[in-house]
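First comes the structure, then the notes that go with it.
We just call them A, B, C and D in the order they show up, numbering each chain from 1.
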Amino acid sequence: MGANIFGTVFQIITFGESHGPAMGVVVEGCPAGVSFSWDLIREKMDRRRPGRFPWMSSRKEPDIPQLLSGVFEGRTLGTPLALLIKNKDFRPEDYHLIKKNPRPGHADDVWKEKFDHVDPRGGGRASGRETAGRVLGGAVAQMFLKELYGQLDIRAFPIQVGHFIRKDFTAFSERQWFGEQSKEVEEFLVQKKARGLSYGGTIRVEVDKPPVGLGQPVFHKLKSDLASAFMSIGACYEVSLGDQYFSSSVEGDKVKSIHRNINLEEGSRLHGKQDHSVYGGIRGGISTGEKIIFHLKFKPPASVLDVAKQGRHDPCIVPRAAVVAESMAWLVIADHVLWSRQDRLS
Amino acid sequence: MGANIFGTVFQIITFGESHGPAMGVVVEGCPAGVSFSWDLIREKMDRRRPGRFPWMSSRKEPDIPQLLSGVFEGRTLGTPLALLIKNKDFRPEDYHLIKKNPRPGHADDVWKEKFDHVDPRGGGRASGRETAGRVLGGAVAQMFLKELYGQLDIRAFPIQVGHFIRKDFTAFSERQWFGEQSKEVEEFLVQKKARGLSYGGTIRVEVDKPPVGLGQPVFHKLKSDLASAFMSIGACYEVSLGDQYFSSSVEGDKVKSIHRNINLEEGSRLHGKQDHSVYGGIRGGISTGEKIIFHLKFKPPASVLDVAKQGRHDPCIVPRAAVVAESMAWLVIADHVLWSRQDRLS
Amino acid sequence: MGANIFGTVFQIITFGESHGPAMGVVVEGCPAGVSFSWDLIREKMDRRRPGRFPWMSSRKEPDIPQLLSGVFEGRTLGTPLALLIKNKDFRPEDYHLIKKNPRPGHADDVWKEKFDHVDPRGGGRASGRETAGRVLGGAVAQMFLKELYGQLDIRAFPIQVGHFIRKDFTAFSERQWFGEQSKEVEEFLVQKKARGLSYGGTIRVEVDKPPVGLGQPVFHKLKSDLASAFMSIGACYEVSLGDQYFSSSVEGDKVKSIHRNINLEEGSRLHGKQDHSVYGGIRGGISTGEKIIFHLKFKPPASVLDVAKQGRHDPCIVPRAAVVAESMAWLVIADHVLWSRQDRLS
Amino acid sequence: MGANIFGTVFQIITFGESHGPAMGVVVEGCPAGVSFSWDLIREKMDRRRPGRFPWMSSRKEPDIPQLLSGVFEGRTLGTPLALLIKNKDFRPEDYHLIKKNPRPGHADDVWKEKFDHVDPRGGGRASGRETAGRVLGGAVAQMFLKELYGQLDIRAFPIQVGHFIRKDFTAFSERQWFGEQSKEVEEFLVQKKARGLSYGGTIRVEVDKPPVGLGQPVFHKLKSDLASAFMSIGACYEVSLGDQYFSSSVEGDKVKSIHRNINLEEGSRLHGKQDHSVYGGIRGGISTGEKIIFHLKFKPPASVLDVAKQGRHDPCIVPRAAVVAESMAWLVIADHVLWSRQDRLS
């Protein structure tokens, strides 16, 4: 069944509790012959790292993974890759209160209801720290895809935090995580953090130059598997294919024009016209080869004031969630690239 | 792998091309002892039926399924249930043009790219007719759940079509498919249909009185599996958990109040308060026992004028998509009810 | 989970109770572009047919399947193929006793213990009739493989029935199902049938000219999946890889010579020598390209005298089991041919 | 797909190359609340340990695993358990020859053919060392089952090595691994080892007091899943259900009497009599509650004389294979105990 297994052909299984000995991932189904890149691993883990920005949680684990299997002389063997991250910044004493008072917005209470026996330290398995394994797995998916499709690229980045909205997506760098407004947003978050406040936001995911024909036509449509992947990220509560975000949900004046478009009022029938703003690079569940666009909305992290006072409160998770979303997208694309090898007789 | 298989424990596999001999479903993993209800099957198939409203496609197949296996003396055997619907209204001549001109908004071209050999008649397997099998499977899931949880109920209904928005969800009947505005919307659609126009819309899904503890914590979160299920419906391009729909995307004045809430401005920290508008009955991926709410957005059906002229154009699919969405929700809930039997030692 | 699903990439799901309306199979994961052969379907169903020999059960259903989906203009579409066989020879009255007296050697009693609610008519789903779906699925697997590998062939045939042993495997025809001794064995079975006696036997399966590299190295070794496939046939109680059958289990004088060989006594170390009698075409779980050999042992069918008196007793199932075993082997090989497409980067 | 994943509900994934940094297993699907026993882990790893007997390989790694996740305060959390064994006795220099000369009886050459890029050090992933993860996983399965079914027990032990045959199964202790003949067999193996010779053998597996109703009726019959499990052990080439071993394959005089029995000659129809020697505790694929019996045959390990000279040659793997077989049986039974929770409505 695999509650902790993601993917069909290219699969990962993640394990580890936030305050247990280690977190990790096993990558299963990666073909033999892929060059393993430590640079990519380091880059991803750095982007995911807490404490990267001044307003982030001060929990600053280095998170340098060990590679335990699956690679020999720098290339994958076609066997499972196990990657391990030891938990070093382990302070059980901070969390003794949590047992008595389930944190708001967290799953402590329902988790208890479900399993009866739970690890209350830092959320245990429900901690966002679980996503470290996903990021490692996504990096392996990326190594695989980059060798086959040099031009394929995936980027996920915040485009809304609180009332800030980013509209220019052309330039992209990690330091400029919110484009030209990065500094402004950071100052805002530092201020709000002091008051124990939290902010949700929106992430835009772009898959550039994907192969045509990814996705299976009925239940494993590419949009279906991507939606499942993104919704498996803790705070994500909405996924949307295409460019609707800028029409229906943010700026009132654009809503109408898009409605005109997708509603085909004014006789502009869809003859010969494929509206990318709606289908977002996926038609009939299958990639068309054009850019795939998704928008994901995240709720603000719920937090406890006592924790916030100690500076370990994370007022906004979208930058880190973006790395996870990007990783999930790499995993889904890798999965379907392999799956599509089965489409035809030869 | 199972491109046409949905579910983990309670599974369906659907088969059939729109203009092939038959459509069908095999339900795998339904426990023994469930009472089989022909009434429910008929009710569902009637709600899914084309031609139910004046503005719908005139393709009026009765769609009375045959039950081929899995039931003896009115109760399930724990073996696969196969349900079959013969295709009677089969007019291959209407579709000869399609081979030359791929329909806009459809997957004809990418499908061809993927499989090379395709059935172009009425979309073949990509036809919305494929969902008949899902509705039958969902009905079996409902039979199973109703025996275990008498109060559990799932309803999916349109709340937006074009510029019409429905806000009162209390009364619900099939004839009143859009509440008090039903007649008004129908008249609107009849008029627009004559011009070959199409309309998208929004469906609200409510799971009433679900058991606590459904969903697996990492990759098979309940919200993740529901999102995947809904996104597997052809025209669905957005899924959203909770009541955000009425805040962020429709009415400007509510956006602010919700932002206040979820952003925790004004010091109203989440202590002790679980904001149902955001988490929608699912926290940490697991059902809390409260009402689960999803909103699904659908793009307007893309159609060909020639077909529209013959009255077989469907200007709005949301009423029928609602039945499919409801069926998918029944399937996901049944799946996780069974899965949760594995949570604990005993 | 899929109790009724077989295979990983190339999958079948079978359904149907012996005395329900129909038996069937859905083939999932067959690539697009495979030529569908009705001749092959007919040939297989004829070989599987009861009543083919004078000593067989008189239940003589024609078993002509209908193809409901997945094929257009004679070639597969990459969508599920559903094949259906209606149950015509349906005599519920014969089976009313069974409810009271569970048949010996059958699963009636444990099945009842497991599911509580069972279909007692002719074994219901536990009937050997369930294998009709497997044979149809295996035929589709064969169609697929024959197009890719013209020389690949699979044959399964009885080599032991009661005290008869067949040693010459060169000539093979359906009429000569037991080689030169066919007539002799048939006469023996006709005589024994009259006394209500049953006979088990041994089937030899040969996979000729398989591709190199089939099988996954750990849990889905080719021998492991083949063993599982063969053991899923009702009466099969032993599976053996290689040519051990003729050494250790039948003729005393050969046991020693093989022991000498596999035990490496007398200094004949295995240096450079790969003993085909032991590894049977599979090393490390992976096909070597040489002939794959399996021997399967079947217990005699347990039967009820009352039924035997009516001529519907089957004193020996090995000829029909051979067709099923052959079908299972086609399915496993097709599955691993597709799976092996994932072995390498490109 | 999961080439390295075993099981359906209770699952393990193993990873690690023989001479890579570590071997390990992730146990997925173990319910919450199971008491974790380090004593059991130690006992199993000790039984699996090389160098336990004088004639065994001198490679004597302690193999003390680390538990990385899934357990809190001594009980399982319902999350994945990761268990890790570091590879300490790592001598790459011994294996430099292997690259040039594939070892006889091993999979070095076909593995190379399949994956192109391989780890030649000590067999890499194809090494018997991979089974360490299975033994750890099997121990967790045993912990789970022992809490639910106190009387359930599984034992696997050698009953044939070369020409030695063990017939008394009543007394069982690890030191007495071959019953009263243990010393005699050990002396024989020490002598043969000096000559670089190897011996296969037979293992008997007994599942004592299993619950009734385990196994799914068609493709996941209990015998089918057990056969697959046993055949996934490297050197296993035959699996046999029931007590046939002592009839047909070893002692000539018993063959006849059993044939009489299972062939129902002499008019002793099976009415009311269930012949345990044939069905071995499983009828119709489902456990009857009686003792389940399997016999597994193993080929002798193929070895290289140079290695043998250094004392690292293993002339007989059956004692260690018995521990692995036992572990696989625990895994299959745990899997089906959980699966059977889905049989009925409630």
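As a convention for this text, contacts are C-beta pairs under 8 Å (C-beta built on N, C-alpha and C of every residue); 3 or more make two chains touch, one makes a residue touch a chain.
Small disclaimer: the values here were computed from a predicted structure and weren't measured.
Chemist: Touching subunit B and subunit C alike: which chains?
Modeler: Touching subunit B and subunit C alike, sorted by label: A, D.
Chemist: Which number of steps is the smallest that gets you from subunit A over to subunit D via touching chains?
Modeler: When the steps are counted carefully, the minimum from subunit A to subunit D is 1.
Chemist: Have a look at B-D versus C-D and report the one with more C-beta pairs in contact.
Modeler: C-D
Chemist: With chain centres defined as C-alpha means, what is the inter-centre distance between subunit B and subunit D in Å?
Modeler: The answer is 46 Å.
Chemist: Between subunit C and subunit D, what is the separation of their C-alpha centroids in Å?
Modeler: 26
Chemist: Please list all residues of subunit B that touch 2 or more other chains.
Modeler: Subunit B, residues with two or more chain partners: 1-5, 8-9, 14, 29, 32-33, 78-79, 114-116, 125, 217, 342-344.
Chemist: Where on subunit A is subunit C touching in the complex?
Modeler: Residue list for subunit A touching subunit C: 1, 9, 29, 31-34, 78-79, 144, 147-148, 217, 338, 341-346.
Chemist: Flag every residue of subunit B that touches subunit A in the complex, lowest number first.
Modeler: Those residues of subunit B that touch subunit A are 1-6, 8-9, 14, 104-111, 113-116, 125-126, 130, 162-163, 195-200, 212-213, 216-221, 223-225, 227-232, 234, 237-242, 244, 248-249, 252, 259, 262-265, 267, 269-275, 278-280, 283-288, 297, 299-300, 302-305, 339-340, 342-344.
Chemist: Taking the touch rule as given, give the residues of subunit D at its contact with subunit A in the complex, in rising order.
Modeler: 1-5, 8-9, 11, 13-17, 20-24, 26, 28-29, 32-33, 66-70, 72-73, 75-82, 84, 114-119, 124-125
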